[in-house]
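Shared between the two complexes below is chain A, which pairs with chain B and chain C, respectively.
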Partner chain A sequence: MAVTHPFMHEDEILTIKDLSLSFPGYHGYTQVLHNVSFSVKKGETLAIVGESGSGKTVTMRRVMQLLANVRTDSGRILLRKRDGTVLDITNISHKDATKIRGADLSMIFQEPMTSLNPVFTIGDQLLEAVLIHQRISKAQAMQKVMELLELVRIPDKARRVNDYPFQLSGGMRQRVMIAMALACNPQVLIADEPTTALDVTIQAQILALIQSLQEKLHISVVFITHDMGVVAEIADRVVVMYQGQVVEENDVHSVFSSPSHPYTQALLKAVPKLGSMTGRPFPATLPILEMSKELSRKPGDAAPQEKTIDTADYTKPPLLQVRNLTTHFIADKTFFGRTTHVVRAVQDVNFDLFEGETLGVVGESGCGKSTTGYSILKLVPAQGKVLFMGSDILTLPDSELKHYRRDIQFVFQDPYASLNPRIRIGTAIEEPLVIHNIGTPEERKKRVEYLLDCVGIPRKHKDRYPHEFSGGQRQRIAIARALATQPKIIIADEAVSSLDVSIQATVLNLMLELQKEFKLSYLFISHNMAVIERVSNRVMVMYLGHVVESGTRMQVFENPMHPYTRKLLAAIPVPDPTRRSNFGMLSGEIPSTIHRIEDATPRIEYIEVEPGHFVASTKEGISFGA
Partner chain B sequence: MAEKTITPFMIFWQKFKKQKSAMVAGIFIFFLILAAIFAPFIAPYDPYAIDYGNAMMPPSPQHWAGTDIYGRDILSRIIYGARISLTVGISSVTIGAIVGVSLGLISGFFGGFLDEIIMRSADVLFAFPGILLAIAVVAILGPGLVNVVAAVAIFSIPTFARIVRSNTLSLKESLYVRAARSMGASNKRIMFVHIMPGTLSGAIVYFTMRIGTSILTASSLSFLGLGAQPPTPEWGAMLAESRDYIGVADHLTIFPGIAIFLTVLAFNIFGDGLRAAFDPKLR
Partner chain C sequence: MLKYFIRRCLSILPVLLVVSILVFLFVHLLPGDPARIMAGPDADEATINRVRTELGLDKSLPEQYLNYMGRLFRGDLGKSLRSKLPVAQEIALRFPPTLYLALASMVWSILFGVLFGAYAAMHRGKWQDYTAMLVAVSGISMPQFWLGLLLMQLFAVHLGWLPVTGFTGKFKELILPSLTLGATVAAIIARFTLSSFLDVLQEEYINTARAKGLSERVVMWKHAFRNALIPVVTMVGLQFGFLLGGSVVVETVFAWPGLGRFMIESVSVRDYPVLQALLLLYSFQFVVINLLIDMLYAVINPEIRYK
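Moving on, here comes the complex of A and B:
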């Protein structure tokens, strides 16, 4: 029977009241949570959404008593047990916390690769989870393990139970993690970015699984995420966090239709929405400023407008022509060094890139989109032809290759790793100029300052080191460096994928504005269909190293012909709770690209369904899993 | 963000400051180096001055560490000995480090046949116990301090080469090296601007610890009569001269022994502190 409590309604399981936390740092403690309050109701899915550093993960880890070295400044955490009694778990002992974890509250994490112990089979690990909290015989526990694997829909479970984690794909591992979290029938399942590391088609399957489990088991789910699309897809209620504070708490429809806090409003504008470009031939910037400016904007001020980018020039011959680009990596050799298996990372890829246009390359992990980018600059050994203004880059000797590397620059996904941590950013931006012997030291210094202006980094910061900048600023620095030699083409490999949505939006806007200013061509590689839709003139969809569909953005997005493109589009969570997708139709894993060396390479026939819109014939030997 | 630029050195210093024992060791090494440089001004007596009338005197206000069998002041000899030990230790490891770092860099960066040759040669050197190798080198080249330096330098090379090679291998695959390559940077530039600075932290830690070991090896060789020759005030040689008097006049062996012990210990603790400060996992 439910017991009333001054802080807790009867339908609430978990209540966090006025929670403030501080972390130790160089200069004493820094407060990271400021009076956070919210509740989790019985049987609901509560999404906690926010950008990195907003405190969403820290809050739930504090609830689970998983933080060491923090100072709790104020607040209470209350849990309603199964028998209805309310328990204050703010400062319980380690022993009591262990009893609550698993039995009442259970947590799954972002990285399924590292959350499982690699030296035990998944069966053993599940068995352990079952036996810790329940006094039953091993045989009974084993039966329970099989039930759990059935529950999370792991195919061929009798065989899989004896597999080690490395034998399972990321999606399957996340299913095992969920099974483990459910082993002791928790009341609340806390999922911390459980699908962020997964491909969209796999993400869709995991989201569908969590939804169905919730209905079947009547548990509450707390879903921590940065992705507004995922929120719209599964949440009943939403808590929006920003800089350690709860800025908005409401039901999902209200949050999306009439967000009350300026931060939520800005966040929703920053997310590229799939379908928002329907009917528009040219890419456009997002209608948003930097978050600090958005938040300080007064109600009367004019909102920023979308700017259309129409620099693509199809009258001249293409800048870059790629013909039959093929890249194989050696996967396995015999003892004597003869190659037996190869990874067909890129297979017979053809495309043109025109001046001022953006060609979007989209696909899931392992589809060869990044390798395509590397191959063009000969960063990996490749075959085929890459014609840049008439001459073939791939056959050039290294001495001449250098000239082309001046005209084609790269922006990498991870701005933390692509800048040398020991080199000041001014020097890093100057480096391409030094390499290509452009200008005197004085001119180079001026150019660096100009480039810093272009990307919105204060000039006086040029003597700083990369670690002093945030991820978004670092990506701006990387872009400034790429622009240093006045290149004609920039290959952007997942250039905004590791950034928070509001930062992503400003970096995208920056890239589009620079395109307009310098008539740049982008080869824009991304797994994010919505971003690709926003920035591209033409789109190329890749799957298992092949191009399966290509055409103008309107052709591919508004009239997808290939089953894989359709599947990809269906799997994307749209940030609009009134348009929830039906993920039930999705299943299957992404097959391997490793082949025996003697296996015949499939020749793919392309059908031109409308002018410029090519689709791979599905009659050929590759399965598209759709 | 603070207004002032935070250099990687400042971060290193922040972490190093917290290592109290390493700070103490560092201060000890600093004063040892000062003592070695200014030995003629500090030493109370001429380290070579023989005074048979005062032979084997125990410690006294005139001779703080007593006198040896020829009546020479032991404290003065130890202070002068610091010059020899530090010179031998630092110069031998410096030579070993320069050669080892270069070989490791080449080995890791270019790989293939060159890598095989360098690493297999290193394996051969590793197969010998260090002191045995040093004795062999001195046996070939003849006794003397310069040859001791050569011997110690040679067997420092393979470890430096391995440390730098493994760091090179991982940095070669780093994204910023790939970024430099995509900009058109030459091999030379990638090696020296982007890879080498990143491999040095491991080499510096080993460098410091190796100085301690080298001083010990050099002293051992001198003890065996293969290094510094009498009457040079070298710690190992001093021990060798006095070993017959253990139990009769213990101060003859105790003070040089303490000098060796403290110096080697200080370099090892200092090296440990550096390792902790360079380790990105420790905050």
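Moving on, here comes the complex of A and C:
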């Protein structure tokens, strides 16, 4: 007996109408949401997509009444209860909010590591959720808990139910979160970036799980994400948000095939699409400008073009040769200090890096890709050989190592943590020059200005502090600092991973253009296969500390031979709703790299399947790591 | 968990050894000659030398240390230079009053401190928060002798409900001094609980608890409370260590027969055996309390228990 309502269609469960919100700040209130309106229909998956600061999370947290100190300037939030009555939940009391949370609307969050209470077992936390809205005995509730764990496919649930959150992997915790959110059969599940912090193979499993649960339980899902690939994979309808406004709302196919708003168009262009480089031998920039320029571009203006980057020079001997690089960390010791367990972070890694070349290193968390980067500069204790311009870096004394560090520079993932907040950016860029005693103060000043020009930061900003810049600008500053000593090699460790896609695209373009200008070699470390495909000449896939496959980008991406490479490629959500993948086939966790010290290392041999294309293989065959 | 406890227990042994050496050296570095003091102001060189030999002070420092530790293990801490009574006996006489005072103050301060802190956190930015923290800051800033005198004036002199000073073993006598001593500690704990609580309330699992539909009361007292308590436990332990050392001010104001006053008296007359024993006792107390805190940690925080 659905009741008609002036704002709400009969098939809608949740309607947000004209919502404007403000947050208090140092100078009074700042408006963060501007007249946001959209509805969630019964049984659909609605994706809210946008970059950081777009207001996607704030909107749904406001619906759940999870925001403190927020001022609601206008708008209404309406919820259709199970019996068909429409409830205005815009300004309900704490007490009434608790009746709706869990029962009608439930929410899961981004960080599986922090969204479960660390001091209670997952069984206790699930039990609590079951008992909130249902008057049943504890035994019945416990049975319901087991059913929920079964529903979200937690293996060995009888034992797991007594585990504390820290004993579970990220993927397992997110399953527990989903189980908890479903404990009271809500009408709407709000998932706030639930897979962003997970590895891609685990993300695929969680996406498949949410999809199957939705079909089974007939619930509506609101999926908040920044990832266009995920949107294409699971959404029925899409709401695109930009700077606190809804700029586009449409069904998923229309959004991808004929985006109407310039922001959506630019966003889709900024996403590196897996497979877009098929058949092309050289890396290329993305055909996009900075977002503000994209949005102000008039229809008649020339569209930005892709630039091919063909700087790799294979005629000279390699710049860097890495042989049998091995890094172990101590994982556990006996009481008397004898090591019993080690983490085999990097095991017998070999590769060459040529002048002007980008070698992409890709893999999931714990595969050793970052440690490989650190090992090359002896930032962690490593064994093996790292030959750079004829000398073995790993055997050099620290005094001589300094000289080589000048030629190999790092760009790190987190632009917020890698710049000292109390040092002006000009000084930060100049610092490597001071350390290596390069130039007079006057020359150094000129160099800093030149570097700022290179990375597109106005010269006059050199006396500002890092907090005055956005994440993308900070990463540009970090790149300028890395370039200060005119290095030959830059190790980019997830350098664009924490940036929004539109910013990521411009920083990638910058890096590629700088490569062309300065003939740089990049060791480009990333978990993102699509980014790796875009920028790399050659690719190395790592798994559990080993290289499982390496070759040119075309060889690895167009003819993947190792089962793990194939699995990785299959798990990536492609931003094209007509090409939905079947994630159902993926299962399993990423195993640990901790071993007892006496355990033998697996004998891995490499088979050259075509010239330059190597695939790892053990005695048992090619199956290692799959 | 048992393995963790045994490991922690064993690990304090080297700490205790180092502490005992430091205490020993420290006392011997103090200016003044114990033999001269013991022999009295009128003694001649021969008497002083005889006393020095008797006390074993003519031997080398390592030798003296080993002798001292040997006697310590037999329960012999030497004799007080002042009263000529065994030091162990002197301390045993004054330890219980200090312990009672410390325990009572601890109970007050944990009760009030944690409640005030938690209450202020739950009403962040409202009048309850400001009032609670105003009281807390007053507690930290008010000198103990002043607060003690005020309480004494009101409850003992004016109203006559409680005795003015002294301790003969009655609970009534414990109330005023423990409140005075506890006020400072309660205020410190309240501040600490507040900041710890505010940190925890930022955590995503608090949103998870709310999103489940739990009432604000359960979110606060079940989900936030236990997590917020983990850092507070360390604070409480450290404060207890200080209280066990005896408070000079409070013990003086209330004529309390405890260790704090004893310490001051012993310093003024250079009673080396007593000082050495008291310093050892204080350091051992701290080490043991820290051990207990570590174990309490394991009980509160499952992550430590399972490592």
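As a convention for this text, the second predicted complex is superposed on the first by the 617 of 626 C-alpha atoms of A that agree within 3 Å, B and C clash if a C-alpha of one lies under 4 Å from a C-alpha of the other, contacts with A are read in each partner's own complex, and residues count from 1 in each chain.
One rule holds in what follows: a contact is a pair of C-beta atoms (placed from the backbone, for glycine too) under 8 Å apart; a residue touches a chain by one contact, two chains touch by 3 or more.
Every value quoted in this text rests on a predicted model; they were computed, and no experiment measured them.
Engineer: Quick check for you: in the superposed arrangement, does A:76 touch first (chain B), second (chain C), both or neither?
Structural biologist: So A:76 meets neither chain B nor chain C here.
Engineer: Kindly classify A:410 by the partners it touches after superposition: chain B alone (first), chain C alone (second), both, or neither?
Structural biologist: The answer is first: A:410 touches chain B but not chain C.
Engineer: Applying the document's definition of touch, where does A:595 land relative to chain B and chain C: first, second, both, or neither?
Structural biologist: Neither partner.
Engineer: For A:164, decide between first (touching chain B), second (touching chain C), both and neither.
Structural biologist: After superposing on A, A:164 lies in contact with chain C but is clear of chain B.
Engineer: Using the touch definition from the top, say if A:436 reaches chain B (first), chain C (second), both or neither.
Structural biologist: first
Engineer: Of the partners chain B and chain C, which touch A:464 in the superposed model: first, second, both, neither?
Structural biologist: Only chain B is touched by A:464; chain C is not.
Engineer: Under the touch definition given earlier, write down the residues of chain A that touch chain C in their complex.
Structural biologist: Residues in contact with chain C: 61, 64, 66, 94-95, 98-103, 106-111, 114-119, 121, 128-129, 132-133, 164, 166-167, 177, 180-181, 183-184, 335.
Engineer: Please name which positions on chain B make contact with chain A in the complex.
Structural biologist: Listed in rising order, the residues are 1, 5-8, 11, 14, 174-176, 178-186, 189, 193-194, 197-198.
Engineer: Under the definition above, what is the set of chain A residues touching chain B in their complex?
Structural biologist: Listed in rising order, the residues of chain A that touch chain B are 26, 377, 379, 401-403, 405-406, 409-410, 412, 414, 417-423, 431-432, 435-436, 463-465, 467-468, 478, 481, 485.
Engineer: Note which residues of chain C are touching chain A in the complex, please.
Structural biologist: Against chain A, chain C makes touches at 7, 10, 203-205, 207-216, 223, 226-227, 300-303, 306.
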